[in-house]
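First comes the structure, then the notes that go with it.
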Amino acid sequence: MAFLGELLTNVADRGRALIGFERFMAQRNRPIDRLCEDLLSGRGEASGMALAQGVLDAWERLDKPGRRAFFAMLQERFGPDHERLDRAIEAYRKAPGAGTISALHVASEPRRQELLRRLNLAPGGTHVLVRMREALFEAMESDRDLMTVDADFRHLFGSWFNRGFLVLRRIDWRSPANVLEKIIRYEAVHEIQGWDDLRRRLEPGDRRCFAFFHPQLTDEPLIFVEVALTRAIPRSIGEVLSGEREVLPAAEATTAVFYSISNCQEGLRGISFGNFLIKQVAEDLKRELPGLDTFVTLSPVPGFARWLEGLVAAPGDLALTNEERSELARPAGETISLDEATRARRDKLLGQMMAHYMLRARTPAGRVIDPVARFHLGNGARLERINVGGNLSARGLRESHGVMVNYRYDLNDIETNHEAYATRDTVVASSAVRKMLRPAAS
Amino acid sequence: MAFLGELLTNVADRGRALIGFERFMAQRNRPIDRLCEDLLSGRGEASGMALAQGVLDAWERLDKPGRRAFFAMLQERFGPDHERLDRAIEAYRKAPGAGTISALHVASEPRRQELLRRLNLAPGGTHVLVRMREALFEAMESDRDLMTVDADFRHLFGSWFNRGFLVLRRIDWRSPANVLEKIIRYEAVHEIQGWDDLRRRLEPGDRRCFAFFHPQLTDEPLIFVEVALTRAIPRSIGEVLSGEREVLPAAEATTAVFYSISNCQEGLRGISFGNFLIKQVAEDLKRELPGLDTFVTLSPVPGFARWLEGLVAAPGDLALTNEERSELARPAGETISLDEATRARRDKLLGQMMAHYMLRARTPAGRVIDPVARFHLGNGARLERINVGGNLSARGLRESHGVMVNYRYDLNDIETNHEAYATRDTVVASSAVRKMLRPAAS
Amino acid sequence: MAFLGELLTNVADRGRALIGFERFMAQRNRPIDRLCEDLLSGRGEASGMALAQGVLDAWERLDKPGRRAFFAMLQERFGPDHERLDRAIEAYRKAPGAGTISALHVASEPRRQELLRRLNLAPGGTHVLVRMREALFEAMESDRDLMTVDADFRHLFGSWFNRGFLVLRRIDWRSPANVLEKIIRYEAVHEIQGWDDLRRRLEPGDRRCFAFFHPQLTDEPLIFVEVALTRAIPRSIGEVLSGEREVLPAAEATTAVFYSISNCQEGLRGISFGNFLIKQVAEDLKRELPGLDTFVTLSPVPGFARWLEGLVAAPGDLALTNEERSELARPAGETISLDEATRARRDKLLGQMMAHYMLRARTPAGRVIDPVARFHLGNGARLERINVGGNLSARGLRESHGVMVNYRYDLNDIETNHEAYATRDTVVASSAVRKMLRPAAS
Amino acid sequence: MAFLGELLTNVADRGRALIGFERFMAQRNRPIDRLCEDLLSGRGEASGMALAQGVLDAWERLDKPGRRAFFAMLQERFGPDHERLDRAIEAYRKAPGAGTISALHVASEPRRQELLRRLNLAPGGTHVLVRMREALFEAMESDRDLMTVDADFRHLFGSWFNRGFLVLRRIDWRSPANVLEKIIRYEAVHEIQGWDDLRRRLEPGDRRCFAFFHPQLTDEPLIFVEVALTRAIPRSIGEVLSGEREVLPAAEATTAVFYSISNCQEGLRGISFGNFLIKQVAEDLKRELPGLDTFVTLSPVPGFARWLEGLVAAPGDLALTNEERSELARPAGETISLDEATRARRDKLLGQMMAHYMLRARTPAGRVIDPVARFHLGNGARLERINVGGNLSARGLRESHGVMVNYRYDLNDIETNHEAYATRDTVVASSAVRKMLRPAAS
């Protein structure tokens, strides 16, 4: 006769607790598609949390083919109701107006959107749904039709992970270990070698790290940025990460360098936080340290080497000499032992190429080629400086011949910069960068 | 040259901080409709938080006619793009399929949905949007067209305030005063007379109070429930609220009585939490106090007196005698000095009428008449007991001739109960209640 | 066989849980003096927490005569061991040195000090011990011998409540209600009329309240100070507390006014925190609001009226005229309807008297008379201003003819001021105050 | 004119902030002994926090000889006032009584006790004082007179770190990294190999770790215990720490095994917490997991091998055969390749020796030899089982020939066990252990 048959200690038992043991066992034996239909039906109103828990538990037990079948089911059986849609179109045709449009909008909404909203009723549901989308990406590789399913995930996640719901938290050496291990795991730009390396990036007084969290994913950073406080805009990642550098008292810093930004949740791909993160962190740092007046990145240029390869093959109007072309084709490994003059020439040449890559080169569709550049320029940053030799790691050499760049965030110019970029694909750059452009061959 | 021109201490200054003083002043002078358009445009991508803040600040400065105009603007200028919608319909007609439906769905979405999502970027935006909907209700009274605007608010709030994002918190005498004052203010069933009365409801060991909160509205309970722990199902609110009763050690309680449930946010009207709240609280209490085995409400019946009035005028097949009719028409004030026999007769009669009201009487559309009954029956509760004389306050006498009822939540029956109610409008009731039904006149 | 026989939910059952049911019951039947001896013996090492709990529970059940007997027992039976002491003196006489002094110090320590330390092992023990000292004060009224017992309490509390262990917390309208009710209860200077009045002192942006807490007494403030942020040093408590005043944006304040300081724990009488509280709050406010440059009190002068009464009777070398003496003897109630010239004369006269009271009048032992003055001057503050008509409440008129004063805390002068006061009983005062002194009659 | 001349961001600048720049600089140039005298004088009352900070800062800058000199100064110049002491003795002789004893106690207190209390006024002072005692231990090695100084530290720390002020916290994989690194560093029994090893000890559902913290040393555990939840009393540390074992659902555990207890603060040596820690953790675990009914340790026996070496040399009345003596003298490294029969004989012999070591062998003063045994027996535990081969690590073999033991905490017997041990040095042991004793040679 009891309402809740037992002491609940196990999250896995929640479903059981919420609807009683027998129903729970019955539920476990129902196929997942029936459970989904139940959840969308009236039963879902009476015992939504339990049903949602049941679906998610069942989903977690599925193997890879089972999950593919699940997504296919979402795509085929939980789309919009076609009859209803046709009726709505008819009604709109007869009487176009706010009411009929609204009905049309509702009728064209796939049923899976409501299903996903109801799945989120389960304790910890949001987290499972994010992982579900990760699995969906994998399934999409062999089944492009699933993109319509993903569109619904993205729509909902866009709403749920609205910046207004995110919380900015500083990550430091006092943060919980289970969060820190994720920082180690997800750092995507300059790999963290382990706990000692992590500590070097978090503990010194001139280092900061911030992440966005969502209240429902408490131990899971969504995105984080690593910051170095300095007295000048740095030219290389080596000087930033050096374990030997002298620690600068934070109050004496003038410059905040965003040297690494990493997304943590593959399942939130396409939901953009980076823009907000940089600006919010800049604001918070400025409040803590009024002496800061410069906010820049130290960024990789991941598309440069590949573009340059193409250029060397077909230099077009850049009019490269043969000597220059063979210099640019030189394997990365060989450049270590260059004599000073050759190196200086090579450096100058690389700088010119980078300036061209950034300011002039475009995709066939007319867009800036580099993805990192597109991100920062789209945020309204300007290209501040080109640093030849900025990253001499194997990856840095391979991706960009070791060149890095700084983007600068200056609030007064953000909108103008953004507009120039967004409407005309114009890259706003410092005069120093512009001067590096090689005079056009005439 | 500075990124953020100053130390920020004032939320009202945030917009200024985020885009610089001059732009901030310029923004303040732009009309609110231009700001909304900016926010939806590319500019919104570059400086969304600042623009959103600007719109919300401007909105808060509007007077009542200004707000009406604002809502009208949302309705007229931020609906769907008609041309695009017609093209989408055309495309769908030509090639019905997931892709064209999806495009149709997007095209039929009013632009204000995205606008509201972007307004939520501002710090504290969610709170302002909830208050905005409150103002919208007022405006809707004179302009029913605004209901289409409200549909968009409700759609978004339904997603944002999904139960999966809510947090259950116990409210007690250690809770923050600014939360407690809201409990006093929002208690809608049995008014709280002040801080001492509040304390009597929170501090004793056999009292509990729980509320749902949303992470973005930290000081604002969304809905709360007051619970009494007892050894029997109570028959009257007087025995529950009595200041003289002996406090029961919580570990000895067998029964949890939900004696008051109040919504706090008018702006979230129609977004249902009560169902989840009761079940979650029951689960949490059961975990804390394994001795609990009965979960009931002590509920008002707000529609009873009005219905009874109609009945007395036209008793239909209930075949009331003239004596009964005049007894039921007796003004509440007069019943105090009845002799015992008359009172007993009257009580029995009231009980019969209440059983009829609950089990048999229906609206013209065939639905249960009482709104509180609809809520609990829709949640799967059953009608457990009718308590004549349960609430002798002026309001209790006026609304329901002093009768209260208990609804019982028994997990094993919730789905069956819900189904009986949802599909056939059948009210599941205890045999004691069913026996109170007056035999049909033949 | 079980280690801990049951689920523990009740603090009162702790003793039982910690030593098993039978021993617990046996313990309950032992007289409290035996329990105390047990606690000091070897048994105390094995089951100290349980025994300590047992003693404290037994103590809480004692009635007033029982508690007096308990304190008498502490005094008589738990003093130092006389034989051991005599041996220690002998040893010291024979061989004076660090070792024998140390032994002498230990031998002269009353056994109750260790007893009190062991009582503190019980969960919540610190709180009970503070209340125990409150009861001791009452018992001391009829038994002055208990002062030696109190000396041990004070010694231990001085160590336990060392400022280094205290935590400063801001109290505001978001603080827990059970803390706020203590603020209402303990406010000793300007009574708080209820929750609305409290709110007026906490919520406006130009009000602050801070308290010291001890980690073991989480819901119990030890001492608190109320602060008003203003643009000038206030002349009356009325302007500070006025509900009609316009709220000043905190960032525009130049002056922090400490207008009320109240101790909360009678059981900590004589353990001084006020000095640290003022300086710490000043430091924290300065950090939050760099615009603050003046830190003053607005203080009562509780000894003034009584002193003045004596003076009027025997003016000594102040050479008061008869007219002045009758003016000063005028009952407070009569002064309301004075004409302007009389009032001005009276105000000037009161100011002269106050300046004399502060700067010249001394107790027979040569000390400053006013207790509040001794506190602030001892902290190194200086007397900044005399405000005739500063407090026209019944109490203000009765205690000090309505006069209040400001003490100023200026860091650069604190040590000098303190030294002047501590070594020579000199009161450092502003020139404005000094000028108010009536020229000595020659 | 400013009270606090600047924004305070640096703890090191606190002294400066608290007394103004010039005084701060002056203070820095005063010798540390003068600062100590100031702190004890009236100046200490006016600006105690600043002076205390000044002393502690100066102390931290001292090199090793400087610190030795500092301690010598405490010993020589801050002892009791001899004249006053002699007067107090005289007064006591003339009139022995509570008052004169009390005065004698005060007069015999070294002045450094009050000095240490005042040093604790500084922010973070407690932490520095704990480290100061660490340094004192080092200095004591060459200067035994400093033991009287240490007596004062110990007296104060005993009062400040009273169990009533400690907080028990669970340590898990969500704990802050700066706390966890201390767990790695301080684990003194079974070394933790790094973060992965730590994680294996914290994260699985059948592992627990608890530590005592003091509110003033928030990031510094004082002592911690590692616990394994099992279904039987384990025989070897290998089975406890094995990375391959299957994780046991906590709710199914019957036995809590305390397999490692480590003190973290050398500066708190002699202040005992371990007794309280074990009992409190047992209580908390029992509450969380009612299925637990056995609480045991798995403990090293660090004194066994050394004792056995002596025994082999001079077996006394144990009447070892020559064969047995050479077996017991066999180097640890050689035992790996023993045949089964030899091993069985050896194991039995080792068990007999261990039983003898625990139950019969005593120091010349009649005490149990093993320090770990003394700790647990003094807490009232009984010796439950001897595990030959319990720890085959190099250290385990070296210290105890690989033998470990279990001590059992059974609440009902704790006091009796303790009493037997404390008054008669009797070791309470299970019959299984007693049976292992070799019959006495007759």
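A, B, C and D are the chain letters, set down in written order, and residue numbers restart from 1 in every chain.
To be clear about the criterion, a contact is a pair of C-beta atoms (placed from the backbone, for glycine too) under 8 Å apart; a residue touches a chain by one contact, two chains touch by 3 or more.
Since the structure is predicted, the reported quantities are computational estimates derived from the model, not experimental observations.
The fewest steps needed to get from chain A to chain D, moving only between touching chains, is 1. Ranked by how far their CA centres sit from the centre of chain A, the chains are topped by C. Here the spacing of chain C and chain D, counted between their Cα centres, is 38 Å. Centre-to-centre separation of chain B and chain C, using mean CA positions: 49 Å. Computed from the mean C-alpha positions, the centre of chain A lies at a distance of 57 Å from the centre of chain C.
Residues of chain B found to touch two or more other chains are absent. Pairs of chains meeting the touch criterion are A-B, A-D, B-C, C-D.
Every residue of chain C that touches chain B in the complex is listed here, in rising order: 9-10, 173-178, 180, 194-195, 199, 219, 249-251.
Note for the complex: chain B touches chain A at residues 1-4, 7-8, 17-20, 22-23, 42-43, 45-49, 75, 79-80, 82, 85, 89, 92-93, 96, 98-99, 101-102, 104-105, 108-110, 117, 120-123, 125-126, 145, 148, 151, 156, 158-160, 162-165, 167, 215-216, 275-276, 279, 282-283, 286-287, 290, 292-295, 378-380, 409-412, 414-415, 417-419, 422-423.
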